[in-house]
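Below you'll find a set of structures to go through.
Presented sequentially are two complexes of chain A, the first with chain B as partner and the second with chain C.
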Partner chain A sequence: MKIFKLKQKTQSIKMDALDGGEELESGSFEKKNNFATKTLLLVGKYWVFVFFILLLTGFSTAKGFLSLNNFQAVLANNAMLLVLAIGQTFVIITGGIDLSTGWVMGLASVVASIIMRQFPIESNLALVIFCGFSTAVVVGLIAGAVNGMVISQLKVPPFIATLGMYGIARGFGYILSGGPPVSVNHPGIGHFANGYLIYIHPSVGFSLFTLPEGLTGMDLRQTTTLIPFLIIYFVIILVVSHWLLSKARFGQHVYAVGGNIRAALRAGIPVNSILKKVYILSGIMAGIAGFLYVMRYSGGVAAAGDALNLNSVAAVVVGGASLMGGEGTLIGTLIGTLIIAFIQNGLIIVGVDPFYQYVAVGVIIIIAVLIDQLKKQVVK
Partner chain B sequence: MKARLMIISILLVVFSLLVAGCQPAAENTEGVKSPEDLTIALVYGIQGDAFYITMEKGARARAEELGVQFIADGPSKWDPAVQTPIIDAMLAKGIDALIAVPNDPQAMIAPLQRAYESGIPVLTTDQYIGDGDYDNGSVTFPLSVIASNNFEGGKIACEALIDEIGGEGMIYILTSTANVPSDIARRDGCIAAIDAVEGVTLAGVDYTESSAPIATTQTQAMLEKEPDLDAIFGANLFSAQGAAAAIKSAGLEGVVKIASFDAPEQAIVDLRNNVIDMVIAQQPALIGELAVQYAYDALMGNTDGIPAQVNTPFVVITRENVDTEEAQNAIYKSE
Partner chain C sequence: MKGFASNIVEKTELKKATPPVLECVGLTKHFGGLVAVNRVSLSVNQGEVLGLVGDNGAGKSTLIQMISGVYAPDEGQIFINGEIAKLSSPMDARNAGIETIYQDLALATNLNAADNIFLGRELIIKKLGLLPAIDKKQMQTQAKSVLKELDITIPGISRPIRELSGGQRQAVAISRSIYWQAKLLIMDEPTAALGVPEQRKVYELVRNLKDRGMPIIIISHNMRDIFAIADRIIVLRRGVKVADVDANATNDKEIVSFMVGNNNGDL
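Then we have the complex of A and B:
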């Protein structure tokens, strides 16, 4: 139990955590009725939405930013980051962190690619995709299970345990691939991550799933495309996860463990099992993200998720989750991810030097944590 | 007549005896071993990189031709602190010549100097130490640096792209990070090519951190900003792959041309699948061959013919020439 001592100090929520996560989220501080406090709390809760709107407004003057095309593309481009961030949200709500997620994603992409390569080029595409997908999910599941076991049974702090997995997944990723990307060459596979549901062309009409035939050159620039496949996958994952976190008993337990682990124990919540499941979930999400990478870039590579690894933590924190645990929502994570995504997107469209993106994202992470702490002080 | 003939034949015999007998004797006095006793070592840049694997292959093939022993090793990560003990271990084994891909232009001077001072010729490939000028620069003990000129490579890549888009249009550059000198040189070479042609403009430069998803995000944003973008130069494979995904998603496959620097097998697969349109290959095998040849020459005492700097040429691989021998030889083999 040693490792949980630190958390107790930061508890602002006491036994009411027993009643489940919903209460932690919203209305547990009504005792303080004065108007200023209430306003501050509201700002604390919704600033990220306000900031998101302000950000979009700020960039809206740039040509091309406020377009359906741009919005759906930004969503699709960040599907992998969003999937990683969903897993990360569960982990962070329990008061933990998963630093291995990006490299587990890479390892899953490599193993899935190796398996998919075993199938001859002319094999049934559905079978190849199914095998690749299952492989990636199993790899993520195993990595997550190891994380969960080490953290819940052996009481290794999550930061260290997942840092260890970071190294292990990275190492195996490079060992299995030898370094260079492992390519998957089945024709048509890339379409499932790069294609759209609907294609519309002013003269040819519209078609589902693939481009209308016979379009070349300048005609292609005229085509309107709607609903990238990646968004469909992502929305399904988001909806299921959102239900799991906010409606299912599992989600309530996750909040309870993160809110006050002692109280959770006393209430008979299987804390160890919840912790284990949370890291397994994060591993599975990393596996799915790895598989999406394989489909999008026709192959896996050990470093596939390197650049997304810490961004997934940033997205969750900007989205209002507390690193101390007990707080956070998937809608917040979605907005957090989109803030990071639109900063990258908007600054390029405006034409700002690329290095400012790093500064901008860094400043916003710090603001997010500051607001989180202010909120706690106000509550006290 | 007879006397003359005899004198001539005696002279011939003496001369041939001289030729046959004295040469090895002369060599032995210089302490030079016969080829099969010589060991040339290659300490490459990082393990598991197709570029260095191919360099090692080229070097090994030439060593076999020359009949010398060849060993190779390299660090697991790009770090002079990891590479130095490998070089020291090579020296302890009693190698006769060292070819190194120094992990740092400054930090690797001392370890290579130790090798040089132990009396063996030192060459560097792909990277250099000091300022790279082994004739008059800050470090002059290495015999030669054999590498591709990345500035030239970037220029060649973008000249080929400019050709492809018909001499006018807009080009976007994606490079890995701002602190890798070779990638920066490629970027600058490309910009030089763009500046040289009126009617071709630079859409922008972005840094992809060698991450395909980031390159996709950047390319997609650039397409919003510049819907008439004509071509993209990816200074490494991941940049080009990421750009290709954004182009595919925008339904502009084949409309926006993409060039990728470096030629691992995945790049060739992408080229054949119309994902990218050209691959600019360095010639790591040639670099390895030349390095072993020069090391051998130096051991044989022929240092005159060794230039202090060799810029190996590039090969531009397209779908049209990908099956030619020249293109196939330039592809980096990962095993």
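Then we have the complex of A and C:
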């Protein structure tokens, strides 16, 4: 830039833009505020909600879809996906991606199971669960910290850094487990992820946390179960994360880093520390998901999160987050997760070949990204 | 935030007695074999607008970046209000009261005007007496009042910055500096990316700041704008200060001849 002598303003703008490595807008800044633009912006903002309602309406004709049991089952079955997607949301808002989350979840489930197996069968259940939970969270935290260091300190692109962690976590998951699931056999352990908050029996009455005593056979079938524990867990995690993202200073800085990393730096935001923290958060979420897996299936397995790995990205993107960073909400991620969950569930209930769910989810992701891009063009 | 303007005015009245807001002595910066800035000294007094001009590569940006903490000078010293200042990061400079408006604006376009004004220094309120949350309401109120005080209108305080025009964004960047009580404002080509009507708006704003007694260093390619606003003009050529003149005692032809170096002047 210093070689040239340019005095004309337009030319110098171009040069400066090249010099700064950042695109400067030029020309008129008049905004088109016509009807079409507004409509498009509204569609861009709310299509996911509309699509979600249409999806539920479409499937509602199928027998068994619109039932309390089915809805509870879908929510409980996708609790782990939602937990991963929550961590992924923070990462994607900074403009990054965590491709390792599903395999870190698997590794955490394996290591937690191995630790829990060390306790004799008759050990205090609370102690076993506490140790399993801590182990899973620590495994996730370490994986996330490594991701965060490599990305913020060594400047490796997130895609590559977390792809590396994908391989590392996957490899160690299989090495430590030897391949097959590592089972945890402490009696009653499965109840913590399979139980319900309320059990109602027409004649015996209702009880909290466990089945009313003395029920057998046909009585059990008549029991209505309400609110799986897994739903309670993910609601708590969702509320805490939502507060962190939309109310706390940390969340504001996450958006700033994703919106304009140079502006964030110049404003004195500790950008590297924010980046490290979002990957650590994603790692911890993977650890929690791994732990929930152990509790639900009484054991850990290396491939526990295989199917969830890319679905967590899909849920976030469908939920309106931009892969370019700066945009996204946890409410969106919740809807995105539910869309994926109900597509899978609905197709099975309608009797469509279950493999079509991959096709359907794939199409939705592409539509979501297209709408996001269209929205950006309109705003420009 | 009320009263920042009156503070400045009070200080202005005392300016004869006080040291310059900024004084640079013998600033030098090498990049390898190239001497980008060669022993440049300058000072900015309270309430003074200094125009910094020079051809591309004359060293304007490097000089400015030393003052705003991006580069450490190889030689020379910077004094702020008469006290020596060591500015080793942009945050140091901001803490010392030097706010720089970059031509690429340095705003997070996904956030709104209030969020940007408070970027990195968010106001915090304790929710339920315990949880520290961002006080968006208070931030918006304060942002509105500073925008109002500077006579800036933007479409909506809660709209993301990317929905604002370039001039409006520039205005938000400027009001951020004002809110944080800048002692010295550096503006690097503040109108470079703007259309003509928006340029006029921004210069109105700069003049407004000048009237309030805010010391400003302004870099511009546009000679007419420099003359419209600057009290004093410094010309750099190949890293050396070749002119430091009262704006009323010179004209654009003379400045251009200083810039390109074909004058027979005694400087």
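One rule holds for everything that comes next: the second predicted complex is superposed on the first by the 344 of 380 C-alpha atoms of A that agree within 3 Å, B and C clash if a C-alpha of one lies under 4 Å from a C-alpha of the other, contacts with A are read in each partner's own complex, and residues count from 1 in each chain.
By definition in this document, a residue touches a chain if its C-beta (ideal position, glycine included) is under 8 Å from a C-beta of that chain, and two chains touch if they have at least 3 such contacts.
Since we're looking at a predicted model, the values are computed, not measured.
K.L.:
On the A-aligned overlay, A:232 touches which partner chain: chain B = first, chain C = second, or both, or neither?
P.N.:
In the superposed model, A:232 contacts neither chain B nor chain C.
K.L.:
Classify the contacts of A:378 with the two partner chains as first (chain B alone), second (chain C alone), both, or neither.
P.N.:
Touch partners of A:378: none, neither chain B nor chain C.
K.L.:
Touching A:367 in the superposition: chain B (first), chain C (second), both, neither?
P.N.:
neither
K.L.:
One more residue to check, A:181. First (chain B), second (chain C), both or neither?
P.N.:
In the superposition, A:181 contacts chain B only.
K.L.:
Could you tell me if A:258 is touching chain B, chain C, both of them or neither one (first, second, both, neither)?
P.N.:
second
K.L.:
Which of the two partners, first being chain B and second being chain C, lies in contact with A:331: first, second, both, or neither?
P.N.:
neither
K.L.:
Could you look at A:247 and tell me whether it touches chain B, chain C, both or neither (first, second, both, neither)?
P.N.:
second
K.L.:
Please name the chain, chain B or chain C, that touches the greater number of residues in chain A.
P.N.:
Comparing chain B with chain C, the partner touching more chain A residues is B.
K.L.:
Per the contact definition, I'd like the list of chain A residues that touch chain B in the complex.
P.N.:
It is residues 62-65, 67, 69-70, 73-74, 76-78, 80-81, 174, 178-181, 183, 185, 187, 190, 193-196, 199, 211, 216-218, 220-221, 223, 225, 228, 293, 296-299, 301, 303-304, 306-308, 341, 344-346, 348-349, 351, 354-355 of chain A that touch chain B.
K.L.:
Which of the residues in chain A end up touching chain C in this complex?
P.N.:
Touching chain C: residues 1-7, 9, 12-13, 15-16, 20, 22, 24-31, 243, 247-249, 252-253, 255-256, 258-260, 262-269, 326-327, 379-380 of chain A.
K.L.:
Which chain C residues qualify as touching chain A in the complex?
P.N.:
Interface residues on chain C, with respect to chain A: 55-57, 90-91, 94, 102-111, 115-116, 119-122, 124, 127, 131-134, 162-163, 165-168, 189, 192-195, 198, 221-222.
K.L.:
Going by the contact rule at the top, pick out the chain B residues touching chain A in the complex.
P.N.:
Per the touch definition, chain B meets chain A at residues 47-50, 178, 204-207, 209-214, 216-218, 220-222, 224-225, 227, 237-238, 241-242, 245-246, 248-255, 264-266, 269-270, 273, 275, 332, 334-335.
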